[in-house]
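One chain, chain A, appears in both complexes that follow, with chain B as partner in the first and chain C in the second.
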Partner chain A sequence: MDDLATIPDYGLGWLDASGPSSDIVLSTRVRLARNLQGHAFGPRSRVNDREAVLSLVRSVIEKSSHLSGASLWELAKVSPRTQKILLERRLVSEDLLGGKKGVPPRGAAVLLSTKDPTSVMVNEEDHLRLQSLLSGLRLQDAWGLVDRLEEELGNELPLAYHHEFGFLTSCPTNVGTGLRASVLMHLPGLVLTKEIGQVLKGLNQVGLTFRGLYGEGSEVVGNFFQVSNQTTLGKAEEDLVGHLDQIVRQVIQYEEHARHVLLKEAPAVTEDKIWRAYGLLRYARSLSFEELINLLSGVRLGSSLKLLPNLRVYTLNKIMIYSQTAHLEQAAGRDLPLPECDAHRASFVRRILAREGVVTSDGESSPESP
Partner chain B sequence: MDDLATIPDYGLGWLDASGPSSDIVLSTRVRLARNLQGHAFGPRSRVNDREAVLSLVRSVIEKSSHLSGASLWELAKVSPRTQKILLERRLVSEDLLGGKKGVPPRGAAVLLSTKDPTSVMVNEEDHLRLQSLLSGLRLQDAWGLVDRLEEELGNELPLAYHHEFGFLTSCPTNVGTGLRASVLMHLPGLVLTKEIGQVLKGLNQVGLTFRGLYGEGSEVVGNFFQVSNQTTLGKAEEDLVGHLDQIVRQVIQYEEHARHVLLKEAPAVTEDKIWRAYGLLRYARSLSFEELINLLSGVRLGSSLKLLPNLRVYTLNKIMIYSQTAHLEQAAGRDLPLPECDAHRASFVRRILAREGVVTSDGESSPESP
Partner chain C sequence: MAGKGKQDMVCDNCGEAGAVVHFTQVVNNETKTSHLCERCATEKGLQTKIPSTNLLLADFLAKMGGDEPLSPGGPQEELTCPFCGLSTADFKEVGRLGCPQCYSTFEEYLRGLLRRIHGGTQHVGKVYLPPDPSASEKEKRLEALRRTLVRAIDSEDFERAAELRDQIRTLEPAS
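Here is the complex of A and B:
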């Protein structure tokens, strides 16, 4: 159960940047909050509720054709490092790992499908949190995946539903559809042209919200924004997803326009910014994760603008995930105290960028000499 | 007279880093201030004094075997760009070019030997300023060169001398020997270990002084310090030079010790600093001269510590001189307004570093692919 190698790519399918607009929209995520009738949920749930829920989920795997082969990871039985890796891949939440206490509560688990990029957190804030994670802007597809998963689970399990409110959830903000759809966007153009404030204000006005890279309450770093719906009640899932999709397409257009403006009005400053970020990533001997993300932002912009022609979005996505602490520790086979971790991160980034081919000083690319 | 190509390397011999300790002591300079009897000097000198002095100097060239072939550049007849190039090579001073007025006064000239790295500024603050410029720490040699030049000139010209004070100069601080010997030192180790304040205080206590890269009143950038004697009176030239030499050797030892401490106690931070500087120089698209000098400081330290093994001190010296504005304009064949000049500087540095061989991400070096 502790061996990540059994499903090494799990949660990493989106890294391949195969989805539409994947230079601007890194990934699409849809999650549904569901609870089971007959078991207390949220803060009122007890150990026996949670264990019963976990048993029910386990029983479904065996019955369902779609979920067959899925693996169920009880987090308390998983090593702390693997817990953190699951967190860094966004397959589990801080809460599911026990929050500040750092010990996963009894019954906390994650169900990982091996057939498609879906998963279910068990006994998080709600009994079940179904989620899908795809590359680029693929809201309909991501919704379709969790919708099918929900149908499958709903066929076997008694989901808590109120004829007036819809699906019942632990937190009232999730009642109704229980749906949160979100896209992780990279918006350096809007930040550099200082239009981002206006755009974010606009999102709020149409019922959307944004957060930083690491979910609720996290700061925005590296010009990465998670944009998602705020309301879950009173609208059909398709409408919520369709609305978000429409607005995100607009934001993509704004971002593309801002990049065009940058290249037209401040090409030298923009290029300089991009190449400096590349130069630091290529040669620094120590990188904090926050600095890395900020530098990746510049390099990602350069890749998207074809100023760093040989650098694939796939590589940049990979760096983002694998340069997180637990992933670096996994690679090193041991814990990495802070200064060492920053050194491993820098070394990893240098190796990846070197493998991608040396981008030479004037922009031509050549393979690294032996 | 305007064609630098006739003596393209003039003033640049020291760049080859052939002198002792040339990774720490970039260059040694000795100058002698002299005036001619029978002509007012300093602020009291008139156009006819200055023109008479210039004529006398011209007449000496023809008579002297040692100076034969030397070229005399009347600065008012030299293009503004060439004037600036001479300044950037430290062959003339701001004052000789007319200071803030920017127009060289009548009679202002520089005599450039083609036989050795000596030159004479004519009609600067004093009638004659004899100087020599050598790579590394070579105070005795540099003194020997100006001493021989002075003898040659003194044989033909009546130098103003007072039996009690010695050689008379425009400014009383130069009276006596008229000698200023200075070495341009790179002291990043002492700066990073924060010992520099103590060392500079020590210099003052033994009658020495320091200035920034660009002479009196200039700020210290890039950890480059010009260390020179303060007094010129009451001691023999050999003693002044010998004293400076002795102290500079001590400072070199302090600097080497500080570098040793850095490598031992903060190797990661030191390496990171060096490689980041290299990464920025290698890829930036715009560099101010001040930023360049600061980054060169890091890279120079790395080269000296063999952390950037393929980077020769010669290359770093060359970058320092040729990335100055007038040199860049000369290469471009036209004036370069500010943002363009910074772009040309960055491009020049990238080209030079690329030619030196790619220093790869992990410190091995390989020649740049075509």
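Here is the complex of A and C:
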């Protein structure tokens, strides 16, 4: 049941860094919250509500040509390790997996399209959470994908809709369009030049918000920021997406300027920071995930500034995803308790860098250069 | 260790105000600690008050809707949703509505809350067409589709525009 091989690119298409500005913008995600009439929302739902919602979704998959072949996985029937892999690939949320209890509630499921990078969480806080996930800055495309998916589901399902408030959601902060567009950005230049505080303050003033790598409530690590719209009611979807796009483009320019300043004003310190990060990743024997993310930030900056030639963003994206605990455990074929897990992580990173990221210390890349 | 306590320190930057931010940097294995006052720290881009993302949503919502009476009858009246049984007290505690019906039950209260969160209460954007739509529902949906069509053409997304045109055609009354 839980074979990720049926999903295009295993749900990791965005890793290829093919999208615009993908050295600064890792990925674009748009999600839509929808609920069905006549059933209590997630937190207040009973087993029969959730099972009814799930069986309605199943019936749509059978009818829809767009969704034909899609996988619908009931999470309670999926192995705990695969559950965690889905979480690490950002295809399900911690809540859908049962939060602190760690056991997915009955009816909690994820629908994975086989045609495009879209998925639907079923019976999360809202009955349906549609999402698309793309490489780089591609907000309009990501919105187009979920919009089409929503048409497909909305044509068949009785959605909860109010003439004034729009699409109804469990939390009043999502009502209206139910749309949350978010862009995962890497902003080391702004952090190192200490301009980040001003930028984040600016985001709040224009109705945007930011979070850490793992969404709501998570800390900012490795200079990775998720920037998203704050309000969902009173503006059309295209306007919400367009506004975020415009602001993110501006932040990219600020970040590029900050990097330029770093190279001009403090080239030795900047280069040293980047090479130290590379050296540690290349040779360390034990790495916690947090340390890894911080080092990846330095190396990512080096790759983007062409100080570490031939080190591709794709390789760095891959390291970021595959060095998470469940992914390492999957590769090892068993659980990895703590010190061992950090050793596996370091060994994995060394292997990938030896294969795809060898850069000699004078800045010349060895395998491809003459 | 003898020395000045952190509370007595003066800002390294302006030398005037008391230092409240103590910032340690490790550069090339050398540790350097700066002591800054709130204003200088902000000017240097150090966030002294990181907007908390852990703020309990329920608290936030309770505060936002706080001075709004929970029902037209006044703050004392406790409403309960006839469909899912959620009470105003429950909502204040968890910050989540229980079911679609709750939006009608708590409509007046929610209007105030939504205004505070989103700056308004009127949804603009996709219009949902129920399986058996009335003429006015169809008209609203058509309006929204036409708006989206104009945008799709403006942004030269002709594939999307063609899809929208098809959707509009199926909804338009035959003339």
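In this text, the second predicted complex is superposed on the first by the 361 of 370 C-alpha atoms of A that agree within 3 Å, B and C clash if a C-alpha of one lies under 4 Å from a C-alpha of the other, contacts with A are read in each partner's own complex, and residues count from 1 in each chain.
Going forward, a contact is a pair of C-beta atoms (placed from the backbone, for glycine too) under 8 Å apart; a residue touches a chain by one contact, two chains touch by 3 or more.
If you're wondering where the values come from, they're calculated on a predicted model, not measured in any experiment.
*Asks:* More residues of chain A in touch with chain C or with chain B?
*Replies:* After superposing on chain A, more of chain A is contacted by C.
*Asks:* After lining up the shared chain so the two structures overlap, which partner does A:H243 touch, if you call chain B first and chain C second: first, second, both or neither?
*Replies:* neither
*Asks:* Figure out whether A:H344 sits in contact with chain B (first) or chain C (second), or with both, or with neither.
*Replies:* It touches nothing on chain B or chain C.
*Asks:* With the two complexes superposed on chain A, say which partner A:R89 touches: chain B (first), chain C (second), both, or neither.
*Replies:* Touch partners of A:R89: none, neither chain B nor chain C.
*Asks:* With both complexes superposed on chain A, which partner does A:V269 reach: first (chain B), second (chain C), both or neither?
*Replies:* both
*Asks:* Would you check which partner chain A:S286 touches, where first means chain B only, second means chain C only, and both and neither mean what they say?
*Replies:* A:S286: touches chain B, not chain C.
*Asks:* Considering only touches as defined above, state whether A:L353 meets chain B (first), chain C (second), both or neither.
*Replies:* First partner only.
*Asks:* Looking at chain A, which of its residues have contacts with both chain B and chain C?
*Replies:* Common to the two interfaces on chain A: residues 269, 272.
*Asks:* What residues of chain A sit close enough to touch chain C in their complex?
*Replies:* Touching chain C: residues 35, 37-41, 43-44, 125, 140, 144, 147-148, 150, 154, 158-162, 164-173, 175-177, 179, 193-198, 200, 204, 211-212, 216-218, 231-238, 269, 272 of chain A.
*Asks:* In their shared complex, at which residues does chain B touch chain A?
*Replies:* Residues in contact with chain A: 268-269, 271-272, 275-276, 278-286, 339, 343, 346-347, 350-351, 353-354, 358, 360-362, 366-369.
*Asks:* List the residues on chain C that touch chain A in their complex, please.
*Replies:* Residues 27-28, 42, 44-47, 51, 53-54, 57, 61, 83-84, 86, 94-100, 103-104, 110, 113-114, 117-126, 128-131, 144, 147-148, 151, 155, 157, 160, 163.
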